[in-house]
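Here come two complexes built around chain A, the first alongside chain B, the second alongside chain C.
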Partner chain A sequence: MSRAMQSRLRAALGAGLAVVAAVLCGAALWNAWAADGVVTGRVGDRLTYPSPLEMLFSPDGARLYVLCNDSDEVRVLNASTYAEIKKIAVGHKPRGFTLSPDGKRLFVTNSWDDTLSVIDTGLLEVAATWPEGAEPSSVVEDREGKRLFVANRISNDVAVLNAQTGAEEKRLAAGRGASYMTFSPDGRRLYVTHVYPNLTEHRTAPESEMTVIDTARAVVVDRIPQHGIAGVFHVAISADGRLGVAAELHPKNLVPLAHLEHGGAFEDTLTLFGADVGNRTVEIPLDELERYVARPFGVAISPDKSRMYVTSGGSEIVTVIDVRRLLNYVRTHRAPFVQDLSASANYVVARVAVGRDPRGMAFTPDGHSVLVANRLSDTISVIDTRTNRVASTIQIAGPKQLSVLRYGEQTFYTARYSFQGQIGCANCHIDSTFDGLEWDLEPDGFGRNIVDNRLIEDLKGTDPYKWNGGNPNLPTECGPRTELYFWRSENYDDLTLTDLVTYMRSLESRPNRWKLPGYELTAAQERGKEIFERKVDKFGQPIALKNRCNYCHSGLKGTDQKSFDVGTKRATDDYSLIDTPQLRSIALTAPYLHDGSAATLEEIWTIYNPEDKHGRTNDLTKDELNDLIEYLRTR
Partner chain B sequence: MMKCAWNRFAMLLTSSLLGVSALVFAAPPAMPHYRFENFTTANGLPNNHVYSVLVDGDRIWAGTDDGLALYENHHWKTFTTKDGLAHRAVLSLALDKRTGDVWAGTMGGLSRISGGRIDSYTQLNSGLSNDVVYGVSIDGEDVWVATAAGGSRLNLRTGQWALYNERNTPMVEIWVYGVAATPTKVYYAVWGSGVLEYDQKTKVWDHYGDPDGENEIVLFKDQGLIHEITSSVSYVDNVLWVSTYFGDSRYDGRYWHNFLTKDSGLPSDFTNNVKGVDANRAWFCTDKGLAYYDGTNWAVYRPSLTTGKPEMMVRDAQGHVTEVPVTTAPAHNYVNNIDFQGEDIWVATSKGLSHGILQR
Partner chain C sequence: MRALAKVLPAGVLVALSFGLCGFASDPAQKVGADIIVTAAPVYAPLAVLRGEERFPKGAHLLLIHEGTAAPLAPHFAASADAQVSFDGTMVLFAGKRNEGDPWQIWELTLANRTVRKVLTTPTDAERPFYLPSERLIYALRTPQGFRLQSDETGRKPKFTPMNPSARPGPLQLSYVRASAFPTDVLKDGRILFESGYPLGSGTTPEMYLVYADGSGVESYRCDHGRARWGGEQLASGDVVFTHGASLARFTSPLAHEEHVTAPPAEYAGAIAETSTGAWLLSARASANAHYTIRLWTPGTAAMETVAAETGENLVEPVLVAPRTTPKRHPSALHPWNYANLLALDARLSRDGALKGTPTSVRLETQDAEGRAVVMGTAPVERDGSFFVEVPGDTPLRFTLLDAKGAVLRQERGWFWARSGEQRICVGCHTGPERSPDNRVPAVLLRTTTPVDLTRASKTDSARQAKPGGR
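Take a look at the complex of A and B:
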């Protein structure tokens, strides 16, 4: 071989290696980007991801149970190797689970099926499925194994069940959006938190509560007020029972959201309660200047009470708090602390980056690690509690590819697009729903053009958007408008915006609990439907076309997609024409009207329709109005 | 012969005198004897006009003209409209024994007190038929309400309101004063329209009216309900007790028995409230004192109508009335409501709340 040929061969080999290297590097880089969801290459298929939400270790520490929210499963893993042992199919949209004290049964709340799956942990099979309340979200069993308590998000109550038969004993009135629970260590008290605030006077600060249940008598004995808070998630109590903590959102919905650059949207906080803080409630901030901890969700206190861990779905981190320093700070400083962005530096010792939308946590039996379920990464981060670093990441088996919908969902739940990472879509649309609040969104002065937050399910075909119909389509609503008024930050790239909109259009309407199983109407609903569709009033006078309920609220979704003046303009509004809102799941979304001034459906007509501009209703008797409302609840 | 006849006469006379003295000096029937402790604004009650009282274990709720008062651990606490109460005047109270929640019917709506939180339902913000809520009663998941514009029922599970009025029941008037809900029957006391009965199983309404119409006369005793102007109902042990402003009635499903001052121990025909203890015993809250009927005998507890001094009168089956010496009495003659705490009674009057402590 000539030197020239050798040279050419070397060159060719080198080039080939370079190409291979480039391909390999490119693939690695692509995978990395894809995993981070930054570049294109997302598939259009509707893929089912596991979406781990919550985790539990078996009492013997041998197994790890992982609740998978999207694949409707419980995954059973070997707790040492994290190898998958079994997938157990449960109901639709499982949201919470608990082990019986003896570890023999695993109860799973299926939030969209309104059922409870009872898993025999010996057989790893569903042994029974019990009917439940509206959107059961978490479940716990008392120490005696006699009663189950189930928090129902839509019916706003806690159902008390016979733990052996599933028979419902009663339901206790909780707050709005009852979702998460924990026992006091002695099992005598049960603390319930709520993802929505209780209804309050229009344009007043939100009020939430922590419902306290006496487990022996199964009655509500206290409601711990949480002033200014809307959206409370996990709650935990230290092993000695002296310190309780709940993760929550503290919205600033009374001032314009346009003040985001001034830290004006949300405080991300914890509520402390119990003897360690003088048996009062103390709200402490997690945020610090220019560094926010968006959407606190999961909270756990280490067995020795030295550390507190908080997951933040929007910021995609776990905040580690030194409990001794925290208590010292609280005891030596004067409340309120919530708006002090310098406070958290006194007790936050680490912020650990984890996966997408981190949710529930679980300590390993030895307490050396805390596991974090990264819902939108399909991973579990294992944080070494001694170093506060992610020691390993466990992949939950699922689709390898990132779909458009998944990327859109990740975009929806992250806070990375907003100024300083303060908020994301899911701040106000909790679990892709709503937040029960009225907001001052636009930079048009304080208290002007107040708008009620709307449910975003089943949006397809309901354009235009905004209460004044000002945005012709979702890309405008979620793109320029969101960027300008909400994020105060960078624009989405086109594909990201497209994926976000695609995700939002994919959100289905949840099952309607006011409909009978066969979708036939009750007598009252039938009467209400006749009123909804009537053309003549009770005096025999024809009702003008625009004054009939089903003229504007027409079609399957109850909107003709046009704007009307229904007499609801306030002195603080710049416009009188209101986009006809769709009626889907209207029973869930109080308050009502464009500015949320009607606390209930009844008030739309008993208070805010004096001139029959919002439909001809003033000829109706009270029982007829009740019938109309019964029908509307079925929409 | 004469001596023998005299002896027989003497024996007859003696036995007759003994018999008469036995009648005259016989001890009255043993009726419950109470020591009354009275609560007024002087010792913590927010207002002396007490419309309603409810015993909730060791806690006592008093519906007053100026808020809902709670007596617990020897202290009074008052809930007002600032706490979310629908109206300051609390006319009626009911306990949901399953959940421990208290329901209050007010002059401005219906309120639920649950774990310290008060939720109020009005005719504007809910399906409640009228804001003047005279009566409330709980059966399972249903809250039955008596209002000035018919009856209402709230199903706590579905949130659905059902209204009952002249359009869907045999109700002539719609001024509903009282309600008693049980798993089998629900009764409404309708002012001017007698009593309405709802069968929970068949879902059929029935009506009981005064056979004499709205006349203040009774042509045939025990023919039916004593009067159309009813003020309350109580249903216990399958027996219906009804109070009216013109006497009271007991109905066992087949026979009516009526009580009037002229032929019973009732101190007045004007009765605000009746509460059955069981099928035979009941308490009557009248404008002239509190009356207890044990199925045979009557006892009346009140400050004397003339002297104001504590008074207890017992009437036996033969109609003999005996005054029993007492040192205490309910706070006032005008009695609105009563509830039981074991063997004790709590009495709502227009001049204070009274705790009747049973004396042995």
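Take a look at the complex of A and C:
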């Protein structure tokens, strides 16, 4: 071999090795990125990420449909290679979807549009868009293909639609925040869960329900009580129909929040139901003594019922449960189990780390893998069900850069900053809203200054914060205060706090369902508006400036950002001056008043305003109060 | 170490170290990092619980680098208790410059071997550990034995605590009339320490936890039994310790300890975990032998000797490597000289059902001589709840009484609440596995003012502060 040839060979070999090295490095970098979904550095742009939320395999197993919550799409992937086949644009904030039994249609609930997109899976196009109830969150179709059932989060009901035309047949009253549903395997029963608890007496344990619908008659046949639960998410039933499970939060809002250890703020639990557990409900804990399964969301039971999988948005893991061991434990031990943090050792067999804010899951048709949608990583973790390890991570195409808002959102949804990873912001602000609970925070003293949890949408320009106006701005509210009295552990750094606050200030108000198109007011709303703005009472007496509704609740958001004594101080309160809350989306956020003592808007005036200190209202009739409420709901 | 009879001159120690060490080939390669161990002719690890010396015949630190051991602090008459900084560049240790000195806390910079004195204390200061935010903890000798103490490292922290209760300077963390000796700082920021069980009165070595401001003291687990000591946390979060002479561990899922199936030997606590998950252990064949440093991979049958030295016990191995900084505990203590304690249901206990209905609870503390002093009683509600204001920073013990004043149950030992602490107990000795029931305790429905059992004038600057300031 000539020297020149040797040199060329060496060069070629070198180039080849360089290419291999580059490919390997690239692959390693890609894997590292895909594993966490994060690229270093944060940009200030408002980027639209896919945010995969739920997944479905087509009946033939050839396609994987991925519901993308932020990009308002359904992504269609090749189920073998996970290569993208198509993006299908749907409505705003799609939250749930289902395939028709024959797989020919894909129904998508667009939660902020109040619509249902009907996708022709042959054409992979939206064939129709049907109007829906308030914040449709999930949808299922009966086996006969006659009816669709749609869970509406804000109108607290399940709409029954003609599956062919979309015409609404009826509405079934569900619990508060109806959001997720599953059929019994025979299709005769539909189980509905709720992200908010039903209203209960002040300072009593939250009560949720699982609404059970007879699908043939389209009537509610049972309301299974879930005592002590506030925030229930996915529900699943085993293939043999004998075991049901729902993922949920078990708050400790009635106990002073003095510390987090020993499940001091939340426990993360499952409710089991069905014949396998004696046709009763059994609540079982997922947490351990020093490690929590913060915000369980998705549940899936393997086709052979050997395993149960639970995604945990805050802990960013999937918990794997041995069903046989679980049932053995439940049958051989005396309930209740929920206060025992060592119980999970009897049935949890693995905790698998996945991406940020894992949500929905889907089994591959062969049952060998379970896919996990990591909403805030834009990835899908593929867990090998035989080894309980992540076999691969699929990147959903989207922005390659991490924006400030996205990082802030990741911070909001993680539990990694709190002591032992027990809670995150999203524990109490479910899906960046509220939880409908009152809390006893520690710094004011045990049992004192009970506070209702507020909605956090459209916060800009509503400072100060806290019901006593004690926190001047969000960085104070979310920074040192949160570290000391919520996380009880080292908080984020200043940059992360800034990103978190930026995210929170970016949260928009959801569409107001009580406003007419064009923002015209109904006659009742007009009458209510007149009451809201009136200067003279019904007896012709002038109403003092500070006693008019629109004096404190002024401006676009209905707050002058000042504090007033409106006569709502309790014996357990240290202060009488209450920060004027904004009125945005007030219809959604019961209970009311600073301590959540008013179950309804009406009670604010009929029970808690005897001296007219909270506006002049005692001259009003019931109808007039109703008009006022009708108007307030438009704010 | 007050009773230290004789401390060998540093030069002799150097000669002994080089002359007598019998190290296995290339231990650094197996371990993946340099190792620091304490070498001592006599090692009595549990002596500290009696306020006595662990190293009655002296001790010195050895740095094992690429199979060669050398004294780490050759100019010290004695040195022990190495703790590597989170970035792996410095070593905190207890040392005596001169034979008659008390043990003091020093810091050595590995790059240039410069040494600085971190603290000057009137009595022995031992077993230092780094805390986040440029603080440290250590054991300070007192007439009642050792107590946990916290102080600054002398460097300016990147973070300045906002809460004045987490003030700079020295901070006493333990408040019982018994020795409390730190063994590790857990990833969640809590301090793992050992003391006798029952706390404040017993002699069986047991492991306890406390936050870095001295609040939240509790047993690590409540399956009390034989001696447990030398606890150290692994990367997994498990805490491995010596139980009797064998090894055991606490894991997050279990309320009780788990036996560690390790090769038969006597173990001396304080293990170090390598980056590959193997453990560096201090072990010996029998009570007559000396401890040597072994490398063991959990799940395997055999251990390998990494370091041994004739006539010396090699104990407390630490790796010279960066490690994860524990979480900083944000102290939420109020500016009070008392504490508030709320029991949610005093009837609950691992010890079984009460033989009667508790109607009141009696609080005792201890006087300067250790005698129990009754501070008063408070009513127990029908749901078992009670709410009391107690003196801060002093030993406390509760006793449940029935309507006739008969004792239904008494705490076995003593505990403390820090001044300004507000704490909730789920029950009386319910164990850390028990989480609270979500209900408003009856006592808070009746009153939110705790029964004052302090018998003292109180300071409470918070009540004069602006509401909502937190």
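Details
Simple rule for what comes next: the second predicted complex is superposed on the first by the 591 of 635 C-alpha atoms of A that agree within 3 Å, B and C clash if a C-alpha of one lies under 4 Å from a C-alpha of the other, contacts with A are read in each partner's own complex, and residues count from 1 in each chain.
Just so we're on the same page, contacts are C-beta pairs under 8 Å (C-beta built on N, C-alpha and C of every residue); 3 or more make two chains touch, one makes a residue touch a chain.
Values in this document were obtained by computation on a predicted structure and should not be read as measured data.
In the overlay built on the shared chain, the residue A:Val219 is in contact with chain B alone; chain C does not reach it.
In the superposition on chain A, contact of A:Lys104 is made with neither chain B nor chain C. Once the two complexes are laid over each other on the shared chain, residue contacts for A:Arg534 go to neither chain B nor chain C. Of the two partner chains, chain C is the only one touched by A:Gly445; chain B is not. Of the two partner chains placed by the overlay, neither chain B nor chain C lies in contact with A:Lys515. Contacts of A:Gly470 after superposition on the shared chain: chain C is touched, whereas chain B is not. In the superposition on chain A, A:Tyr575 makes contact with chain C only, while chain B stays out of contact range. Contacts of A:Thr600 after superposition on the shared chain: chain B is touched, whereas chain C is not.
Shared-chain residue A:Lys87: touches no atom of chain B or chain C.
Taking chain A as the reference, the larger set of touched residues comes from C, when chain B and chain C are compared.
Residues 203, 205-206, 228, 250-256, 258-259, 261-264, 267, 285, 288-291, 338-342, 344-345, 348, 419-420, 440, 442-448, 466, 468-471, 480-481, 483-485, 487-491, 572, 574-575 of chain A are the ones touching chain C in the complex.
In the complex of the two chains, the chain A residues touching chain B come out as 155, 169-173, 198, 209, 211-212, 217, 219-223, 514, 524, 599-600, 602-603, 606-607, 621-623, 625-626, 629-630. Against chain A, the residues of chain B that register as touching in their complex are 98-101, 112, 114-117, 119, 123-127, 129, 141, 149, 156-158, 160-163, 165, 167-168. Residues 132, 162-163, 188-189, 216, 237, 252-255, 327-330, 332, 334, 340, 342, 344, 387, 422-424, 426, 432-441, 444-445, 448, 450, 466-470 of chain C are the ones that touch chain A when the two sit in their complex.
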